Amino acid sequence: MSVVATDSFLERAPLLFRDWIVGHFPVALQWLVHHLLTITAILTVFGLFFAFTTIAERKLLARLQNRLGPNRSGLPWFRTLKLWGLTQPFADAIKAITKEDIVPAVADQVLHFLAPVVIVAFSLLGFAVLPFGRYLIPVELDAAILYFFAAGTATELAIFMAGWGSRNKYSLLAAMRALAQLISYELPLILSVVPVVLVTGTLSTRDIALAQGGWTWGVLPHWHVFTPWGFAGFLIFLVAALAESNRSPFDLPEAESELIAGHLTEYSGFKYALFFMAEYFGLTALSGLGITVFLGGWQAPCAFLEFIPSWLWFMGKLAGMIVFFIWIRGTLLRLRIDQLTRLAWQFLVPLALLNLGNAAFWALTSGWTGPLALARWAISAAIVIVPFFLLGRRLTAGYAPRTYRYAA
Amino acid sequence: MLGSGILKGLGVTAKNFVGSYHDPARMVTQEYPDTPAKLPEAYRNFPFLVTENATDPMGTLRCVACQICEKECPPQCIYIEKSKDKKPDATGKPQLYPAVFAIDTAVCMSCQLCVEVCPFDAIKMDHVFEVAATNRFEGLLLNREQLAKPNEYFHQIRPTEAAEVDGRLTAERQAAAEKAKAAAAAKAAAPKPTTPVAGVADPGPASPRPATPKPAEGGTAP
Amino acid sequence: MSFALLLIALVLLGSAAAAMLSRNLIHSALLLTGAWAGIAAFYLWAGAEFVAFAQVLVYVGAVSMVVLFAVLLTRQGATAAPVEFDSYKRVVGSIITAGGVGGVLLGAIFGTPLDVPAAPSPAALTVRQLGLQLMGPYAAALLIVGVILTVALLGAIVIAAVDKPEDPAP
Amino acid sequence: MSLFPANSGPTVRAVHDEFHGDLLEVSMGPQHPSTHGVFRMVVTLDGEQIVKLKPVFGYLHRNHEKIAENTSYLSSMPYTDRLDYLCSMTTNWAYALAVEKLSGQAVPDRAQYLRIIMAELTRLVNHSCLVGFLFNDLGTSFTPLLYAFREREKILDLFESLSGSRMMCNYQRFGGCRVDPSPEWLAAASALVDNFPRFLDEYETMLTGNEILLARTQGVGRLAAAHAINAGITGPVLRASGVDYDLRKVDGTGFYPRFEFRVPLGAHGDTYDRYMMRILEMRESVKILQQAFKTLPAGPIMDPKAKLRGFRPKAGEAYGRLESPKGELGFYLISDGSPNPWRYRVRPPSLINLTLLEEMCLGHTIADAVVILGSIDIVLGEVDR
């Protein structure tokens, strides 16, 4: 690997800054300050990222829908300065905090209160193991991937708590949907990542990101998404990640047109904002994992672009993923709950299992060179494409655009 | 193939996303308070009373308190009280005038029927749509002082219709003047001391008939 | 270190006890989930990272869902009914079971030599080593477990599958 | 077998025994995002499946018919705007038609053409609005709705510049129309209509082939033709079930027989067919409009004998109906020779199409109920009157 630009000042700047601050404290406290700083950094960076994701979502959705989006909020005392409405999230935050917190009289007070707390806490845990840059990884865990998924499981539990604790029929239906959705999509989500673990032979996010380094001819990155199994895995991951984070077209628990706001029906003010925050934290964390596992993590796409610090690459890819999710949300319809679970069990899971075999094939044939390499590509592609077509045809059997007759 | 329909949809939304930056046919948003709303001439919202002279609005109302609009108003939001005395109207005839003319804009549905049935072109539809009041009863109950707006304003908001109305009124005035002249001449020829000038309307309170026939179609009928 | 263990044990036992005593089935289920999370914390304390995360993933993530589903799908009326002694047979049975389990546990606890000098603890197993162990010496066990789970899964499908009249072609 | 098996209509569990658990009764509405106004459905759910659905309406009741019996014929005209507030042009026309029948009023040619132009523009407004809302019910984040609204707004701008109001047009009169459009207006309308198929094409590219749409709507909310006829259902909902019944062809309302257009028919009677009926009807409306703009005759727009005020039809009764975008819209009037109708009755297509809601929804999930309701196309102003 080239060592030319990787150790630039910018690359190490966050670490140097952290060490500079830590150096001001007595040695006995340094470990604590070190960790606290890491936590603060994550909270600040991703708190702001969340804030600007909300405004980006509103503005991008607006543009997709041929609207302008929020562009009014500026700064207090500077009336003429509009700032393209970029201060909107802060206005929203103030609004959310100052709104009345309504708890239904018959609600389960404990669960109703606990749900937003739990969901935010757990949705933040996932950030601990994501390698944001070459040297920026909050906690280096050997079983990081496993940790990530374990941390994410509690969020749907919190949705259940919110839904059941609200004592609202819509909320209850949403809670049931959330449970069904979790059980269905946890599996394809994990199965989509397993091939990467199989090929790289590690569960550590740092090593997985490192394993995708290097370029062919300096321009073609060795990211997993550029292999047949990696591409298939990435697609499955995308679908499952959408479902895990309750995003359209899988936003069934809070299906606005059916269940009003689902589990959020009885929440108001800051608690509602917490749920909202957790949804975006979860989405961001899952996108971060997808980037780490499939999109080369913090690696630059071309060798000559390495002078840009790795953490900037990571954040750039993250922003790209978020934009893609917003685009999806602006286009697609919602699935029905039975179709949702069918899609998971009868399409994604078999495909993911086949893809696992595909990755095993890829790992076993790593020695094939020359024309054999082409054959390796062809076979690997066939292993995912053929089942995709067959399963896809089964999935959409009986559904087709129709032609219509006209009265004579 | 599974997914092709979804990809097509994504393509369309992407096209709209790009189009919203350069294609005015896609980005149709007007930033309303910054760029004032452009109202078509025919736009109607809440009636107003036309006065001939801005300096003396109450003295020159075209309305003669005939109460046709009050009767025809579907939600019954117009209230008129006739005056005891008479004043000369647009054509110079002495007419009653509304001592009280009130419209409850909280009830009015801007249907324009009052305008269509008015034989004197006295009530017209306004272009004002930013109506807000601090009190929903008195604040939205407009009296004749608030309702009266000069003819110049009418010209400003509805140039075509106002020009057409003015033309017709001028013609009526000329006709009335000629008639008065002829009557004066006739009077000079054969003096009859008891005849009042220029056919005053029937003093009875009911059935005020329009002095001049007017097409049933508002301003724009052929 | 032992303070952390005490805390974990308190949370674990506290939520387990509360789960038993709670009259609200949903609360019980959630507290049970809390107890499972406590077990995971204990594993973590003991240095068994992999097992801890697996515990969270499987128990907190999946088994709790199944429990909650089961609670929601059973009749709500049952939650209000007070639990009564049905018969002395049942009481005797439960005492025997509890005593048996308790005896085994106590035997195990007292049978463990607690005061042995701490052996130089082996370096924590990396996931890689764990995987190699599972695939190498313990491959047969893994295989058997896998087969049993698969059979259980198939059995569940067979039980859950409802005979549904085939839809007439549209 | 398909992985998303189409629902095969009512498969309602008869027994609610201990093993299957309780049923859940949810009162959807009158404040619910997808009941299209203040409509309420008392839904009994088994899990997510609907076993019983009771529509409750009347929250928007305004006593329209009784008010109309106590005011003059003319004064009811603005109130008809508020019946189906998306299609005031056609409700105006249907009412004018009934009154004209009652009084034997003739209508000049140009007014007849204008009425058809307005009615077909209204059809574009209504159908584009409907498909937009249908997709909102299906869970899009407003995108198709806003595309539809963008086009609808252009037509409403035309209405506004002609009649003074975007939606409450109050345009038709007994014996003609109120305002004669200027040549510029006609040119603008013609240009808009010529551009409209481009919007439809884009819309169809975006959604008609979408797999999720197909899975969500095909086979959902089936309505058998015989059943629909029995219930008196009309309009696109009936034609989606394959019944060839369009009052524009059957009655030949106004000058419709002078125009070339086809009536699309569905085969399955499901939600997808109902959606496609609207899209195809919009294409036919565009054809009618293009012909109308080409052949619009000159002349008066009002019968010179028409009276605006003091209108007293002779004693008798009349039923005027036409194909509104939602179905057969009829006005039944009885006159006793007084200035007010003695009896005034509206046959609202929205209400009558709503009667089979439960049959269409049984056996489907709560998510489908919302979509089925959306595909029926109701406007509560018309349902509750």
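When the chains are written out, they are named A, B, C and D in that same order, and each has its own residue count from 1.
Basically, contacts are C-beta pairs under 8 Å (C-beta built on N, C-alpha and C of every residue); 3 or more make two chains touch, one makes a residue touch a chain.
Here the structure is a predicted model, which means the values were calculated and not measured.
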Report summary line: Maximum distance between Cα centroids and chain D occurs for chain C
Report task. If you tally contacting C-beta pairs, which comes out ahead, A-C or A-B? Let me know. Result -> A-C
Report task. Could you grab the centroid distance between chain B and chain C? Build each centroid from C-alpha atoms only and quote it in angstrom. Result -> 81
Query raised in the report: Just how far, in Å, is the C-alpha centre of chain B from the one of chain A?
Result: 60
Report summary line: So, in whole Å, the Cα centroid of chain A is separated from that of chain C by 29
Requested in this report: Determine the centre-to-centre distance between chain B and chain D, using the mean Cα coordinates as centres, and give it in whole Å.
Outcome: 33
Query raised in the report: Using the touch rule from the top of the page, what residues of chain D touch 2 or more other chains?
Result: 1, 5-6, 143, 147, 150, 206-214, 218-219, 268
**Report entry** Sites on chain C at which at least two other chains make contact
**Finding:** 170
**Report entry** Residue numbers of chain B (touch at least two other chains)
**Finding:** 2-3, 6, 9, 12-13, 16, 26, 28
Query - Residue numbers on chain D that touch chain A, as the complex places them - result: 1-6, 24, 26, 32-34, 45, 47-48, 135-143, 146-147, 150, 206-216, 218-219, 244, 246, 249, 262-268, 272-273, 276, 280, 365-368, 370
Report summary line: Note: in the complex, chain C contacts chain A through residues 26-27, 30, 33, 40, 49-50, 53-54, 56-57, 60-62, 64-66, 68-69, 72, 126-128, 170
Report summary line: In the complex, the residues of chain A that touch chain C are 108, 110-111, 141-143, 146-147, 149-151, 153-154, 156-157, 160-161, 164, 175-176, 179, 182-183, 186, 201-204, 398
Report summary line: Note: in the complex, chain B contacts chain A through residues 1-3, 6, 9-10, 12-14, 16-17, 19-21, 26-29, 31
Query raised in the report: For chain A, which residues are in contact with chain B within the complex?
Result: 60, 63-68, 327-328, 330-332, 388-389, 391-393, 395-396
